[in-house]
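Structure first, then comments.
Labels for the chains are A, B, C and D, by order of writing; each one numbers its residues from 1.
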Amino acid sequence: MSFHTSQENGVVVVDVDGQLIVGNRQELKQKVLDELEGGERKFLIDFANTGYIDSSGLGVLVSLSKKIREQGGELRLSNLNEDLRTLFELTKLDTLFSIADSREEALSSF
Amino acid sequence: MNDESAFAGSEGAESRPAEFTLELPSDLRMIEAAVGYLVSRCRAFAFEGPRLDLNFRVGVTEAIANAVLYGNSSDPDKTVRVDVSLDDQRVVICVADEGEGFDPAGVPDPTAPGNLDSPGGRGLFLIRKLMDEIEYNDRGNAVRMVLVRTVPARRSGKGKR
Amino acid sequence: MNDESAFAGSEGAESRPAEFTLELPSDLRMIEAAVGYLVSRCRAFAFEGPRLDLNFRVGVTEAIANAVLYGNSSDPDKTVRVDVSLDDQRVVICVADEGEGFDPAGVPDPTAPGNLDSPGGRGLFLIRKLMDEIEYNDRGNAVRMVLVRTVPARRSGKGKR
Amino acid sequence: MSFHTSQENGVVVVDVDGQLIVGNRQELKQKVLDELEGGERKFLIDFANTGYIDSSGLGVLVSLSKKIREQGGELRLSNLNEDLRTLFELTKLDTLFSIADSREEALSSF
């Protein structure tokens, strides 16, 4: 996995390339927490280029979302393919996250 | 190192099962490569689609991760063994660790209201949802999972329940 | 997953060999974990010092890297099998890939004047220098290496020649 | 493996933590080449915290040394422990590199 972050209209956008799984989730977590520490409050994680996510990857998203909310911020997700969406539905995490179909939709709704 | 080279291509897969094995160090960093190998072998026998890319991939990742983390406690002296057997109907995956085992019945439902925002506890749940059969040995250090290759239902990702 | 748990601790190692096996996906990223496992198992049988940390570690790393890169050409459908047998005198390591093999006699000497600043070509040479015996099968896709645990010479790193 | 670079008296010092082997040598190579591209000419790679090096790691050092020399620069090595020194002696690479016992010694001799 690799990921890169960019700023779009005051939102920190994180693109996840490859798998988000137990072996690498720590990197994503640290990166987002650093930005949160640095004062950022609006986050979008885009999964357009993500292969698959395992339960640890889902867990990292849950704990990031919590930490961001505690600081008065917000985390949104976008571009989940059908397989990823299935994972969120099975685990009922689709009820916990605000999930947009496209990056634009997510960005415009902050 | 596997002996079923006679099956190369999808024709042979119709007749008798292909078998492949990994024996892996207890290191989370190898999971991606290990699952990549198993998926690639399955694909060579014409198994494909979301049942491979979602159900198989995620289910096997969870089982190996649990074997490394909880079974072997990342002990560098212990290995995880993965045995896969694939025929034209289904794939059977056994993941065994060298740990003390556990009681899978005691693991709580992560979709229960109070657990929804817990950072952990979704691995075994996903295995149960994504696989068609799952069974632990008595000790609880080896899991046998069965996944049917194709299901009548259209959304393969949620082929059961 | 190994059967020699009866040997746990160093006492048993004096009597009959401990054996351990890995079967690995063809991915360079797993080499560090794989070699870490083998070293750790060896250490549990009181094998230690530069013969383990230098000779064993580097020799085995080279053999696995060659098996992944040249034997299996990093083919995701192929595995590398490592079998280690350890008694109180020596350790025997077999590394086998699923490739076509090669002729080890045809590999040039990297310390010859014209080769010294070549970026590659030192792997097999290091295996030969660091191991006490090395032998390929006829096809050239499996190597058997023997390393004596202790040598009379003081500089273990250069125990031979 | 991880490594970090610092500047000491006009020399780029690279510390290699952990193993320098076939699985990770690319990172070191890229980092040093980037600095070379950026105009740096004096390099010291310090092995005080290095576990072991395999033939690919040695190969990366050889090719970096060559590239640096081509640009009129110089690469030195320091703090090889006894095992690492053995590898350089076996492969005769001790004749190709300028190897100092300590970081200070290497830095003062540029």
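Basically, a contact is a pair of C-beta atoms (placed from the backbone, for glycine too) under 8 Å apart; a residue touches a chain by one contact, two chains touch by 3 or more.
Bear in mind the structure is a predicted one, so any value in this text is a computation, not a measurement.
S.K.: From the mean C-alpha coordinate of chain A to that of chain D, what's the distance rounded to whole Å?
M.R.: Distance between chain centres, rounded to whole Å: 38 Å.
S.K.: Would you kindly tell me how far, in whole Å, the mean C-alpha position of chain D lies from that of chain B?
M.R.: 43
S.K.: Indicate the whole-number Å distance between the mean C-alpha point of chain C and the mean C-alpha point of chain D.
M.R.: Chain centres of chain C and chain D, defined by C-alpha means, are spaced 26 Å apart.
S.K.: Indicate the residues of chain C shared as contacts by at least two other chains.
M.R.: Residues 29-30, 32.
S.K.: Once you've mapped the touching chain pairs, tell me: line, ring, star, complete or other?
M.R.: line
S.K.: Please give all chain pairs that are in touch with each other.
M.R.: Inter-chain contacts occur between A-B, B-C, C-D.
S.K.: Within the complex, which stretch of chain A touches chain B?
M.R.: 19, 21-24, 52-56, 58-60, 62-63, 65-66, 82-83, 86-87, 89-93, 95-96
S.K.: Would you pull the chain B residues touching chain C in the complex into a rising list?
M.R.: 1-2, 20-27, 29-30, 32-34, 36-37, 40-41, 44, 76-81, 96-98
S.K.: Report the residues of chain C in contact with chain D in the complex, numbered from low to high.
M.R.: By the definition above, chain C touches chain D via 28-32, 50, 53-54, 57-58, 61-62, 65, 69, 110-111, 116-123, 125-126, 129-130, 155, 157-158.
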